[in-house]
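The structure under discussion is supplied below as structure tokens; questions concerning it will follow.
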Amino acid sequence: MNKTALIPPIMPKQLLRRRRWYNRLFRALIAVAGSSVVLMLAALFIYLFSEVLPLFRGVSGSPLQPLAATYQANNAELPVVQAGWPGVADFSASSASGDYQLLASKNGLACLFSPASPAGCLQQWSLTDTGDTLTSLSWLTADQAVLAGYQSGRLQQWFLLADNQGNLMLRLARELPAQPAAIIHIAAEHNRRGFATLSADGQLALYYSATAKPLWRYATEITDAVDLVFSANNQILSVYSAEQQHRFALDNPHPEISWQTLWHSVWYEGFAGPDYVWQTSSAADGYQPKFSLLPLTSGTLKAAFYAMLFAAPLAIMAAIYTACFLPAGPRRRIKGLIELMAAFPTVILGFIAAVWLAPVIENHLLALLLWVVVAPLSILALAAVWPRLPQSWQQRCSGGAEVLLLMVWLVLVSNLVFVVAGQLDSWLFSDGLRLYLDQQGIYYEQRNALIIGIAMGFAVVPGIYAIADDVLHQVPRHLTRGALALGATPWQAVVRISLPLAAPGLIAAALVGLGRAIGETMILLMATGNSPVMNFNLFEGLRSLTATLAMELSEATVGSSHFRVLFVAALLLLLFTFVANTAAEVIRQRLRKKYQRL
Amino acid sequence: MLQNWFRQGTPWIWLNAGAVALSLLLVAGLLAFILMHSLGVFWPTDLPGHSGSKLWLYLQNWWLFLSGSSAEGGIFPAILGTVLMVLLMAVLVTPLGVLAAVYLHEYAKDGPVLRLIRIAVHNLAGVPSIVFGVFGLGFFVYFLGGSIDNLFYRDSLPTPTFGTPGLIWVSLTLALLTLPVVIVATEQGLAGIPKNLRLGCFALGATKAEVIWKIVLPQASPAMVTALMLAIARAAGEVAPLIFVGVVKSVPALPLSSEFPYLQLQQKITSLGMHIYDSGIQSPAAQDTEPLVFASALVLITLIFMLNLAAYRLRKRLNLRYGNRSVVE
Amino acid sequence: MKTEVTAKLEVQDLSLRFADKTVLQHISMRIPEHKITAFIGPSGCGKSSLLRSFNRMNELLEDTSTDGRVLLDGADIYQAGVEVAELRRRVGIVFQKPNPFPHSVYENVAFGLRLQGIKQPRKLDELVESALKKAALWDEVRDRLHHSAVNLSGGQQQRLVIARAIAIEPEVLLLDEPASALDPISTLKIEELMYDLKQHYTLVIVTHNMQQAARVSDYTAFLNMGQLVEFDETNKMFTDPSQRATEDYITGRFG
């Protein structure tokens, strides 16, 4: 062997340099890819925030150069005072459509009548009972509300509502915070429910009808104002004095949205009282959108709650069995099958839940309720009988085969329950449980939270199960073996050793499942009634944040309040799941460390 | 006696086994239910003739259903749309997902940064899919698409070209959605490669990049395929987020053309999932289309199950290959 | 140690820690060129770690920190700016368990050569053949050069790994218990191979087999608990150790 016969493969410097560069480039590329995951999550948050933020930005306004203009007084004739009304028509406000007219005297005596049928007042009453002097009066857009301003600076909002007999009348909806000086002018915005007031001391204030606090205030020097008017796009507020038009440019894109309208109960026009309402669109023009997120959030939580009620115990119990009591072979096979549940697209689950499960459960409600009680009992019964069966049977059914046996058993028991429940139903309740509930005043909707609990539970089980099975299986073997060696039964070893150790992991599993349930869309979209109600009734429907997004985002105008509120909903979902998943992952990381130490 | 029985635990074990049995029953029941409702749909019951010709007719009906356009009651556009969107997604998500997994497993040192990234991966996996849809609509369609239009398609504005929902945005959104799936599954594969091999490669004077390119990635390729299949299976059934970014209930034209570039990236598509949602719930004649919806569901489930099964098989083979893991000292 | 031997490697006050565990403490020694140096000592004494610190393999394991210097031909390999890839080409290593790449026999040997930028098939063929010959494997694999290396026997695999390592012409070859996973015949072959190789390379071998150390090595170092207890010519070590601990270990009284 002659060393010189070989070409010594000493690298040229150039090649060395090139390899070094490739190495660095690759490292950089990989690092970028690795951090891109964090970046993406951050991008999600940042983008959603950026769309939401304009909602909560305050209103800004600035005075423009005044114009010289002679004010053309609106010399409408004062209407005839209605028969039998004792007041003096100092103020008269006609609604935009002309359907209603309101007369009022300075001392607050008021008369609401309809010019179309001038047969006296529809309603005749006193706007104020404190002896205050009325100084201004105006209808809001869409003829549903009236504003009244007083000498003392008080400001009242009255809603046009039907009373029990169906007669329309104005009712005091809210008393807005008083201003220091008399309110001499009120102007309503066009197409939306904002309005502006001008006080005797020249103070301008901008309001939105659903919120009491002024959105914007501005002190002017104008004391000789004769009128207050919004431009057609609501972006310029003009104060007319005798010779001048003082103009104020307003930037107020989202008056409808505030913390209060999103999360507190608000008394909207047309409602008998304050409520949490989500109503975003209507055929009617000049409709006031109502953006309370509470019904949607509670709907989401309600659905998630019932789904977890079904899924978490089932998944965790199943995990305990496969992780702690099954040999490796059957465990792997059964695990694969249960995880197959995750492969069903939720659109299919939603479809089946809506068109098949919902009517079936409506017709067999009693059977389902009965089954919940009977099925576990039947398993216990089988367990009791089991040791008394011949040895050869028992041996044949070990190492996973008892699961098969239980499946057959459950099918038999379920069938029996359905047959018996059918008989019971007609025997106990003459027309069946479903009608009985109606008679008892319990409202039963076909697509309800029970259906969601089952269908979404099905979708959530595999996620919880997979993590629960992992954490239970990873409990170091020597610990449970030690317990068994000390004479504990297998179950005692699990309860005393495995479960306490793995408990945080099981909580993490449940959290991941909860996150999944909160974020699920298609099942909720298809198998709930999508009515935004607020209750936790098992037999009633709901409307979730996710389904709302799915239905409304495509239709919302980009940049509108509706559009941005939907982004608030998305942000809310992201935050919910972020908290749940971060907590779950931190718990799992800690648990992994703990296992390593043991 | 009863108390003692419970304390020993036998009944609890049985109840837990019952939970397993119930879960399996649910899976089996659902599968059987779908099969029962879909397999018979095209059986020509009311026609006379022997069963051979009936079978022929049955198969023909299936074929017509699978290959027909929406106007003919078929689901071909939906199948094509589904396939196109997941393929394009696969092209987009694989490089990033694999590289990110390589970072996590090969480069990152155990510490706060790695923990942070892992939390981010699990978070991304848990973000509601509809939120990705919202992001896709706002960021991809309006922002990215709008910018592309402004830069390259000035002439046709204000009619948007890319600034409107379309295939490319569907695939991008799906890629975001499935990124964690790819990362997690690939990382599992990387963990299965014996450390010995890497050390052997380093011992020959290879740089880290060379070790990964020449040894690690080729060895991890089955894991990458597994990851991709899981991602595709997840994406194929997704509907909610895609409503915003370009999947619609019916399309006037397929996103394919005979001229370059053959694939119309900006065109809207329809998918099997959307088809099920729309004709199952939305359409006014839901009662009549119900059997066909079950048939579509069968097609979708078959597709997804086949992918899952293939992924499962591959993973098992991978585990067998490295059954005897070894690490130096 | 006699002064006429030139030191290929010189260890100066080397300490090594894994996480919070000290593995090596203040080791200083000179490894002579073209000789076989054996490291012996009880399990966990740090002999493998010391071996791996000669081509900076330790830093591929988690959480290690090295203090002190290791000079290769007088230049510190732990200095900043040292090209680790190039260092590892000059100082090859073979591990206890054979780790052929799941490629063909040929590709295993050609792997390192390709990294060095050698691409011409003729030259590759030539170098692969010569490396396999040097590793005394050529005759056994010449007919199945393009079959998977994983199908070779354990001993063949280990010689393939050695061939792979020497194909890129290292100056030092580190062998970490190269024969401990092999049968006696394969072990014998590997030992013969080492004897041939020392003409071209400086060999350092870790072994816990005392006879092997005595048979093949020129110098022997005895390590215990992370410290170098004794380092001398093998003959001297095995006949007249200066330390009590060495004698106890060699005669099998502990370890």
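Residue numbering begins at 1 within each chain, and the chains themselves are lettered A, B and C in the order written.
To be clear about the criterion, a contact is a pair of C-beta atoms (placed from the backbone, for glycine too) under 8 Å apart; a residue touches a chain by one contact, two chains touch by 3 or more.
This structure is a prediction, so every number in the text was calculated from the model and none was measured.
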Overall pattern in which the protein chains touch one another (line/ring/star/complete/other): complete
Core chain by centroid distance, with centroids computed from Cα atoms only: B
Most remote chain, CA-based centroid, reference being chain A: C
Selected interface, B-C versus A-C, where C-beta contact pairs are more numerous: B-C
Computed distance of Cα centres, chain B from chain A, in Å: 28
Centroid distance [mean C-alpha coordinates] between chain C and chain A, Å: 66
Whole-Å gap separating chain B and chain C, where each centre is the average of the chain's CA atoms: 49
Chain A residues counted as touching two or more neighbouring chains: 19-20, 23
Residues of chain C whose C-beta touches two or more other chains: 85-86, 89, 115-116, 168
Set of chain B residues in contact with two or more other chains: 207, 210
Interface residues, chain B side, partner chain C - complex: 109-110, 194, 196-207, 210, 214-215, 219, 326, 328-329
Chain B residues within the chain A interface of the complex: 5, 8-28, 30, 33-34, 95-96, 99-100, 102-104, 106-108, 115-135, 137-139, 142, 176, 179-180, 183, 207-210, 212-213, 233, 236-241, 243-244, 273, 276-277, 280-281, 286, 290, 293, 297, 300-301, 304-305, 308, 312
Residues of chain C defined as touching chain B within the complex: 48, 55, 57, 60, 62, 85-89, 92-97, 99-102, 111-112, 115-116, 161, 164-165, 168
For the chain C and chain A complex, residues of the former touching the latter: 83, 85-86, 89, 113, 115-118, 123, 126-127, 130, 133-134, 168-169, 196, 199-200
Residues on chain A engaged by chain B in the complex (per definition of touch): 19-20, 22-23, 25-27, 29-31, 33-38, 40-41, 43-44, 47-48, 51, 313-315, 317-318, 320-322, 325, 334, 336-338, 340-341, 343-352, 354-356, 375-376, 379-380, 382-384, 386, 402-404, 406-407, 409-411, 458, 461, 465, 489-492, 494-495, 512, 515-516, 518-522, 525-526, 546, 549-550, 553-554, 558, 566-567, 570, 573-574, 577-578, 580-582, 584-586, 589
